[in-house]
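The structures considered in this document are given below.
Note that subunit A is present in both complexes that follow, paired respectively with subunit B and with subunit C.
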Partner chain A sequence: MDVFIQLVVSGIALGMIYALIAFGYQLTFATSGTLNFGQGEALMLGALVGLTLVGHMSYWLMLPLVLVFGALQGVVVERVGVRPAIKTKSEFGWIMTTISLAIIFKNVAENIWGHDDIPFPSPLPTEPLQFFGIRVLPMEIMVVVGALAIMLAVEIFNRKSIYGKAVVATSNDRDAAGLMGINTSMVITFSYALSSMTAAFAGVLVAPLTLTGATMGVSLGLKAFAVAIIGGLNSGLGVIVGGLILGIAETTTGYYLSTGYKDVPGLVLLLLVLSIKPAGIFGKSVIKKV
Partner chain B sequence: MSLKIKSIVAVLALATSCTAFAADVIKIGVSGPYTGGSSPMGVSMRDGVRLAAEEINAKGGILGHKIQLVERDDQADNQRGVQVAQELINKERVVATLGYINTGVALASQRFYEEAKIPVINNVATGTAITHQFLPPEYPDNYIFRTSANDVIQSAMIVREAVEGRKFTKLAILADSTNYGQLGREDLEKALAARNLKPVAEEKFNIKDVDMTAQLLRAKGAGAQAILTYGIGPELAQIANGMEKLGWKVPMIGSWTLSMGNFIDNAGKNGEGARMPQTFIQEPNTPKRKAFIEAYQKAYKIERIPSPVSAAQGYDSMYLLAAAIKQAASTDGVKVRQALENLNAPVEGVITTYVHPYTHDDHEAITMNMVVMGEVKNGRVVYAYDSDKGQAVREKAKAKK
Partner chain C sequence: MLQIQNLHAGYGKVEVLHDISFSVPKGQVVSLIGSNGAGKTTTMRAISGMLKPSSGCITLNGRAIAGLPSNRIAQAGLAHSPEGRRVFSTLSVTDNLLLGAFPRLTFGREKGDVTGDLARVFELFPRLKEREHQLAGTLSGGEQQMLAMGRALMLNPDVLLLDEPSMGLAPLLVKEVFRIIGELKKRGITMLLVEQFAAAALEVADYAYVLENGRISVHGPAEQLRNDPAVKAAYLGAAH
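And now, the complex of A and B:
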């Protein structure tokens, strides 16, 4: 039993990392119907910029700076990669542009920070805490708390503030929101800023647990994408549940079945969801009018 | 009209002078991963080769020709390795190639050299199959040589350390899912079977995995007294860190990659005490090693060599190749291979002085007696047994008939 709980706890920590990145996919999909396939790279840039800053200041002082950096990076992605595609009503242009931007970011990072994985100093003690024989790293708790906190903050912002309402209106019906005088292209830029900001935040949260390097975002970004599909691209609750399902599925099948198959159940689930409920477990199916 | 002829003549003259110029240098390919998780090995290997090439060039080159290294990044990727091999053979027309860090890349790419009759000296990759890929009768001559300790040696030493050195009987194997990890796992199983032992757990992980909880809990559940590893630095560090997290600390004994800088740095204190077979430890216990370490530190402005084993083996591979080209008095692949198989003069290297290191049927320069156990201590790799320090240079063991 202890082993099972330990696996679930590790799975939750892993799943929340996925959920946080998946949340970023969701933010931009809601407003513009586009995704930033460079989400994993936004995470990587956040972590590496954080690593550089942490040499000069404390971890907590570095956090807001990384958030600002992430937001700016998101604006760049939107302006350079996504806006032209939306303008020309290109269905798939943004896929190629966000992927190519991701590759560029990775190469730039390799040139600045080198090719090697480097350790990220942990702001919290690295000694694990014990609860009834279950061992948890303080940093893992912080990942879960931090992920929930930033998602909650974004949700509250969307529901309570006037700017947030503009975001919600744009997500519901971009054309109608435009007619009501909402600057929808501004809202889309903003959603990209928010999306990359959460990714950068995820980067500095997970970096002390994983290793930091130019290639750290690739597999995380991909798994988070699976989470976004499983949970549904328009459901906030969906990504959390999707993340937890994938995280726990990975650790438990690794233990009970075989570590050689630990990535399989998550992908099987992905296939199942796509064939039974393509909008995701918590997603609302939308009829697309052509 | 005459202008046209003149220009043709001029172009032809230029072309011939170009080829004449190209023949003045001896082109040697260097293929390895200079990016990604294997890069500490790739970069150290390349820097070792560069150092040797510079020294040889400073003394006038080989047969009066300067060495020109053609370095290519194979990114530890099998397909990319094949492209590099084709480019080096067909476009750059190299005399020989040094390199290969990754067993998978070596196995995928070597075929092209074998077909082109161009020698390859594997200076880091350890997969047992590497030098056995092209054997008679199918292939009369094998063009693949090696200056690293192969996985049969490594796995035997790992098991010896665990079973004889530490008196363990319950051992878990953790290997990554690459060719390197899985071929190494097979060799470990064989080495255990030779002692009538079976691993109590066998776990797999992928490159870039961030969570090792499941693998470690399974090993723990099986009652493992030590973990035998076959992987590369970053993931090995995650294993060490995962053990700390689970509060289950057993010794890590694994292939030589536990000496990689990115394992030592990322595992920090959790990596202390890990043991691995090493052909070279950054310890100036012979004049040649002292000179090599100092030259490396001076040339690349670092104190700790990222992967000392790769650097030393890279350096030695360049000297072995240079000796063979000199003896063959030719850059023809067949003649260079023959010379490598019958090196007359001893070649003084960092790891050992190579006395007739290769024969037609034996393409391994390193034998088990030349390899020592290293241990991570205070962020560096040191000799695990002080008794190894004294007799630093050992000659190749005679092949058993």
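And now, the complex of A and C:
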């Protein structure tokens, strides 16, 4: 039993990382109906830029700089890859452009930081804390707190500020939002900036727990996409639950079955959800009214 | 106030509006009437920037607005309550109304008294006040129409475009909507009104244009069109 609880606790931290990246998918999907398939690469770039910066300054000073970098990277993706596709009303162009940009970012990263995985210095003590015999790394706690904090911050912004309400209005009905005087192209750019920023943040949160390298984003981005589908592309609660399910399924399978199979339960779950409730566990299916 | 000259617009290669010209003078209510598919809604969409006109000139207070994105046109002082209401369903009634004042709250347009205007909209539509915290998506059709109109008023617009405000409403509510349009007219709000209920529209309007297959066929003071035998036969029907 103790082992099981230990596995669940480790799965939670991993799950929150998935949830955070999946949250980023939701942000752009809400405003523009498009996704950045380079979310994993945004995470990887955030982690590697953080790694370089952390050689010159403290982790805490590096954090805001990485957030700014992430936001700018998101703006580039939107302007270069997504906006032309939206403008020409191309239904699928953005899929190819965001994937292409992701590959380019990965190649650039390989040339700058090399092919090998590099350890990321932990800002917190690496000695695990003991709670009733369960070991928890301080960094794992920070992952959970950090991920929840950024999601909560976005939620409060959307509910309380007029600019946040403009974002929600754009998600509801882009044309009607335009009639209100809202610059909806800017809202979409902003949502891409926010989305890549959360991914970059997830990168520097997870890096001390794993390793940093040009390929670190590939499987994280893909699994987070599964989480976004499982939880529902329009449900904030859904990605947290979906992330936790996937994270815990991974750590437990890794222990009880084999680490070789750790990705299987999550993907089986994805297939199940898609066949039973395609809008996701918490997703609302969209009914088009005339 | 609002002038439209030689407007051409359409969807893709299909031209819907062929050379439309008309104007909405300050303080007046102008109505566009016509059958389904005549181009009434397309005209409204081309004016407010929801649809980019293919050619023609539109000026608001002397300023050219044709082809500008809809958000810039709203900032310039044109509010459009669109066909089908298009309220923000996951936001509360109050939030919907505040978004109507978005340019005023974000330095895009003179701020004025937003709180006072909100109170005035609630006064005009008491049902909205009762439901101020409710999500717009949970309102009835009539309440959503009130909300769409109230939201457009929150811009404190120079010109208000109302597209089919009575569409899909029960007869009693249609009457209520027209009573409110009359009230807005008394307050001196400049309006362009598109309506299926031609008779009611001609009651409230000062001047009217009849659209037929994307062209203006007849126009004149509303009073005169009400008595025009051709208009009577085509749009007012025997029942009126």
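Just so it is clear, the second predicted complex is superposed on the first by the 282 of 290 C-alpha atoms of A that agree within 3 Å, B and C clash if a C-alpha of one lies under 4 Å from a C-alpha of the other, contacts with A are read in each partner's own complex, and residues count from 1 in each chain.
One rule holds for everything that comes next: a contact is a pair of C-beta atoms (placed from the backbone, for glycine too) under 8 Å apart; a residue touches a chain by one contact, two chains touch by 3 or more.
Note that this is a predicted model, so its numbers are computed, not measured.
K.L.:
Subunit B versus subunit C on the shared subunit A, clash or fit?
P.N.:
fit
K.L.:
Subunit A residues in contact: does subunit B have more, or subunit C?
P.N.:
B
K.L.:
Between subunit B (first) and subunit C (second), which does A:T52 come into contact with in this model arrangement: first, second, both, or neither?
P.N.:
Once the two structures are laid over each other on A, A:T52 reaches no partner at all.
K.L.:
Contact-wise, after the overlay, does A:K165 reach subunit B, subunit C, both or neither (first, second, both, neither)?
P.N.:
Second partner only, subunit C.
K.L.:
Answer with first, second, both or neither: which of subunit B and subunit C does A:N111 touch in the superposed model?
P.N.:
Neither: A:N111 stays clear of subunit B and subunit C.
K.L.:
Touch check for A:T252: first (subunit B), second (subunit C), both, or neither?
P.N.:
first
K.L.:
Per the contact definition in the header, classify A:D173: touching subunit B only (first), subunit C only (second), both, or neither.
P.N.:
Only subunit C; A:D173 stays clear of subunit B.
K.L.:
Taking the superposition as given, does A:N183 touch the first partner, subunit B, the second, subunit C, both, or neither?
P.N.:
A:N183 contacts subunit C only, not subunit B.
K.L.:
Anyone got the angle at subunit A's C-alpha centre between subunit B and subunit C, nearest 10 degrees?
P.N.:
150
K.L.:
Please give the nearest C-alpha separation between subunit B and subunit C in the three-chain superposition, to the whole Å.
P.N.:
Shortest inter-chain C-alpha distance (subunit B to subunit C): 38 Å.
K.L.:
Which residues, counting only subunit A, touch subunit C once they are in their complex?
P.N.:
Residues of subunit A touching subunit C: 162-163, 165-166, 168-169, 171-173, 175-185.
K.L.:
Give the list of subunit B residues in touch with subunit A in this complex.
P.N.:
Residue positions touching the partner: 34-37, 39-40, 177, 203-206, 208, 210-211, 213-215, 217-218, 221, 233-234, 237-238, 244-247, 261-262, 265-266, 268.
K.L.:
In their complex, what parts of subunit A are in touch with subunit B?
P.N.:
3, 6-7, 10, 13-14, 17, 110, 115-119, 126, 128, 130, 135, 137, 206, 209-211, 213, 215-216, 218-220, 250-255, 258-260, 262-263
K.L.:
Where on subunit C does subunit A make contact in their complex?
P.N.:
Touch list, subunit C to subunit A: 48-50, 69-71, 74-75, 79-80, 82, 86-91, 95, 98-100, 102-103, 105-106, 108-109, 151, 155.
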